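The following pair of complexes shares a single chain, chain A, combined with chain B in the former and chain C in the latter.
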Partner chain A sequence: MGNSNGVMLQVNDLAISFFTKKDEIQAVRGISYELNRGEVLGIVGESGSGKSVSSHAILRLTPDNGVVKSGEILFEGNDILKMDKKQMEKLRGDRISMIFQDPMTALDPLFTVEYQLNESLKKHTDLSKEQRHARMIELLDLVEINQPERRLRQYPHELSGGMRQRIMIAMALSCNPDILIADEPTTALDVTIQAQIIDLLKDLKERLGMAIIFITHDLGVVSDICDKIIVMYAGKVVEEGTSRQIFYEHTHPYTQGLLESVPEVDTPVEQRLKPIPGNPPDMSCLREGCAFAPRCPYAMSICAREDAPLIELDETHAAACWKLLKREEVPAV
Partner chain B sequence: MQTLRYIIKRVLLAAVSLFVIVTLTFFLMNLMPGDPFMSEKATEENRAILIAKYGLDKPVHIQYLRYLENLLKGDMGTSYVLQKGRAVSDIIRESFSVSMQIGLKALGLAILVGLVLGCIAGLRKDKIADNIIRVFSSIGISMPSYVIASILLIVLAVNLNLLPISYKKSGGWVMPMITLAMYPACYLARLTRASILEVMNQDYLRTERAKGMSEFVVVFIHALKNSLIPVITYLAPLTAHILTGGFVAESVFNVPGLGRYFVSCISSRDYTMIMGITIFYSALIIVMNLICDILYKIVDPRIKFD
Partner chain C sequence: MTVSNQTTSGAGKDILLEVRGLKKYFQVKTGLFKSVDLKAVDDVSFSIRKGETLGIVGESGCGKTTLGRTILRLEEPTGGDILYAGESILHRDMNEFRDKMQIVFQDPYASLDPRKTVSDIIGEAMDIRKMYPNKAERRDRILELMELVGLNQQFYNRFPHEFSGGQRQRIGIARSLAAGPSFIVCDEPVSALDVSIQAQIINMLEDLQKEKQLTYLFIAHDLAVVKHISRHVGVMYLGHMVELAESYELYKNPLHPYTQMLLSSIPVANPDLSRSRKRIRLTGEIPSPLSPPSGCPFRNRCPKADGKCAECLPSLEDTGSGHLAACHHL
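Moving on, here comes the complex of A and B:
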């Protein structure tokens, strides 16, 4: 680990489909992004936007019926998608680790916390039994769990949801990963616990300096933890930029809709939330053109026919929308 | 401590259950027409003497109280018909030891084959191995044991001449064991398969993979242990059933075990044998259930005793 800002993870044109008996569901349709050392990347989108699927693919945890159709995922220059079993086992939990949405089901109910923490340490480190025990205590301290000795002997069902998620985080951090993928880590938790977990992740990031990919459907959650944010819709990146650019200088109508639908503390009680009209598209039969066009208040005729490419607005900011181009730049139909 | 209290509670409950079973069986048995001596080639007078000798001429409730009294002293009486004059407890002890010897082997075979086939089928869902195992286990479940026993006899003993027909010759236990193990092995295979399929989709297995655990650890430590929970529940009645020996398996292969007495004691109205075997079988099931519940607790820490 260091402060050098080199690219650590590079996703290029990743496309993933799920195959059912009759349909092909195009969950991810060619996304690209880069993650630098120590950087926090937020991936935002609603259910079915492909945000989880694309990030599970980094650890090759795509379910069996999911197929990576194209693209590469380069970790320090090596394509993860081409690694063999042994290489994957070394990568998972050691260099790149992951925490999941529902801490209630993410831990094996039949094994103690100690057993499950010890598994990773045993696999990835050369520590002795005593050293591993000391490390486990240290980890539980790190994620602010009290009475660590007692917690180690407990089973998951004896712990609260927030505590289980802290255990998950401790497990993920046990081998000092370079990248932590957090897949909606707070969605299944109470609001107060949510804030605690976000604070904890923020604090850990400062102290340990790992890069984080933070996946969420809630823009409010990522606002102050992320350096940059990717907004996904229907398996594609519709806008990317720094946290500031996404919140204050967003240009894509979907990003705008997403931000407007977040309630704020000073919103008057009688004012209703502003939802995005319509539903997300059916990913098994996508129409031509921009997937957001049917719900977009600014849709033009071209939007229904052709998908907009990502248009670079400046070095860090890009969005996929025709309205960013001047009239004469839009291809004639 | 908690476990001990639980066990004591369960034992007391078991005593109540046994009492109910004894009472019900005793009165139901007496409702059946006929008596133990109806097939005796004896005159009416001699039969009356026999009936009076065993106290069967007294009112049923008196007989019941006397039976209970003797039972509490540990005396289950003597057989009236099947092995006239021998103590029921002796007959059960002797024949159960024969049934148990075959039963334990059959139980081991059933668990081994059932779990292994179930795992293979579950892990290779919809592949050739899975399809073969599913067809095989469906057949095994639906085939009555006398058919299985007959096929074994014809193929292994008569045609191939591999095994002796008689139980008393060496290797005679093999065919009764297979006959006994067939149904539970197939049932276990299906149960294990379903259980594994359910467990394989659980989030915690994804966590294990994300931690870098090998597929071997994921499947054989985490998935298997979790999928054994429903299997354990089935083991209690299965064990009691197998240990007491199948009626068919013991009759076909002429095994001097407990199983063949199940039916013959009823048809011959051997009252004390009916009572003795019922009590023994019930107690065995109750004990097996208790053992399974404790096993359950050992495997699944979420189970609480109270």
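Moving on, here comes the complex of A and C:
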């Protein structure tokens, strides 16, 4: 299985656009990353940064008006974007599965928990009816749901938000996937429930050894679960590094702004917040140059004309900003 | 705000809003002829001094939004009293108070009429009160408000769909300021916004408060945001106020087990800290408000709960220096 270096998923220069009657919206503009076996990757960005669109593409869940313009997504060396229907069916749920932000819309309100859990087991395994039932109980135990027998007979509306998200996770885990894509799994939940779900995911990662792609807009949420973090802005990766590098040694002005604009519980009350000025760009008419330049306190003349490439700072850390280069290295314009 | 001695000494002069034993029950049908009371807000009391902010935090379903709406009588209270500048507003025509008491809503997408231009949305409150019969004056006032909240004046005739979430929330704030209020309920004004925009709006609310001596009731589920903007913070659980203290004191020295649990579950953007931090492992979820536990509402999730907690509801009491908490185990 996999390569010797443990790279399981490799996204290369992925670009996705949406087409409306008038415009082309460049949601993802050439992003690349790697995910190793058993690793937790955080993808952080605000709405419209392309974090969800790029991750949905891994399971080919791009909406109809979205087009993958370039790039490849290699899972164990095979390009997911070129797979046929049968291969995709094998991949989805079995090898890679996904949990969504809003567990209420992802569960079917007309069917019991048992029915919905059973469905994926029936499709992907050849267990007998009794074995499937035993597996379902085991799964609900795994996600720390008490009274599993009773819960199986309930409908989604009878469960609380946190409980629904646990059921979603149980469904996603039913076939022991290698990768779990968690798309803002805690955004719709209260803080105490959010903390429970994050603890659960951490626990499951340790026990099952699966890799997780954790998509969120909240840096605080990913701080202690992720090995690696990618920060996205306007469809591009602006900084990537280990969790410590992103939090303590960040170099991109956007990462810095994002971290500074959030009040911490232990910051003094009197201290004024430092927001990032301006608004996120309109993705249907992106200007030339760095998309963050209009909001950037360090913007130079080149920033408005040419987009900075990802500049490698060390083996694991890279950022896309001209200010990281020495003056003579910056191309003349 | 509160702090008991004022309530007993018959309202200090600078108290703008006082709430006494406020209750809001909703009747929920459980059968053809049966119904039960959903106690969304149950016996909540506090007061806010002029120019200060009281933050209210709690999880969804704790009654914080209903509290804000009931204070403005967008919901009629079931019991208790609301005093604005020492005067009860309960049996009065609210139109007298609407220009003084305003609200900013959570969802900047749902709270603006999509068929009205920015100027009409902001100007509506003035038109209703016929504040500026002269068109040029009205226009000047609207432009002034737009500048105040950082909206480009060229947007005067634009429609809400042309704006981003942050800009819409600025429109919502300008609208609430139009009639010149002194008290504003901010109901989760930043939770629908991106983090980089949240800070812009919070700073703006703080500036407006200083400039216009505004008094806020700031409702949010994000504890860090509430702590940042509020002088005092109240924590609600299942319709009850379980703890109320100065913001700094509450976060430094939380007394109620629920507050301790809430604080320990805030995610911090600091991997070293969050890895080393002792987290209170939480169990259980908020019970249904239709069938709350007897006695203390928090007892089925509380590590300290015992027989006494099941028997009677702890009252919110001063533990010294104005730090109020409702727990039998203090």
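Please note the rule applied: the second predicted complex is superposed on the first by the 326 of 333 C-alpha atoms of A that agree within 3 Å, B and C clash if a C-alpha of one lies under 4 Å from a C-alpha of the other, contacts with A are read in each partner's own complex, and residues count from 1 in each chain.
Just so it is clear, a contact is a pair of C-beta atoms (placed from the backbone, for glycine too) under 8 Å apart; a residue touches a chain by one contact, two chains touch by 3 or more.
This structure is a prediction, so every number in the text was calculated from the model and none was measured.
Participant: Give one of first, second, both or neither to describe whether A:Ala106 is in contact with chain B, with chain C, with both, or with none.
Facilitator: The first partner, chain B, only.
Participant: Considering only the touch criterion stated at the top, classify A:Phe214 as touching first (chain B), second (chain C), both, or neither.
Facilitator: Neither partner.
Participant: Please indicate which partner A:Met168 is in contact with in the superposed arrangement: first for chain B, second for chain C, both, or neither.
Facilitator: first
Participant: State whether A:Phe75 touches chain B only (first), chain C only (second), both chains, or neither.
Facilitator: neither
Participant: Contacts for A:Phe18 in the overlay, against chain B (first) and chain C (second): which applies, first, second, both or neither?
Facilitator: Neither: A:Phe18 stays clear of chain B and chain C.
Participant: First (chain B), second (chain C), both or neither: which does A:Leu59 touch?
Facilitator: In the superposition, A:Leu59 touches chain B alone.
Participant: Quick check for you: in the superposed arrangement, does A:Leu259 touch first (chain B), second (chain C), both or neither?
Facilitator: So A:Leu259 only meets chain C here.
Participant: More residues of chain A are touched by which partner: chain B or chain C?
Facilitator: Counting residues of chain A touched by each partner, the higher count goes to C.
Participant: Under the definition above, what is the set of chain C residues touching chain A in their complex?
Facilitator: Going by the criterion above, the answer is residues 59-60, 164-167, 194-200, 202-203, 206, 221, 223-225, 227-228, 247-248, 251, 261-272, 274-275, 279, 281-282, 285-286.
Participant: Show me the residue ranges of chain A that touch chain C in the complex, using the header's touch definition.
Facilitator: Per the touch definition, chain A meets chain C at residues 46-47, 160-163, 190-196, 198-199, 217-221, 223-224, 243-244, 247, 257-259, 261-267, 269, 272-277, 279-280.
Participant: Could you please specify the touching residues of chain A with respect to chain B in the complex?
Facilitator: These residues of chain A touch chain B: 59, 61, 85, 88-94, 97-98, 100, 102, 105-111, 119-120, 123-124, 155, 157, 168, 171.
Participant: If you look only at chain B, which of its residues touch chain A in the complex?
Facilitator: Listed in rising order, the residues of chain B that touch chain A are 202-204, 206-215, 217, 222, 225-226, 299-302.
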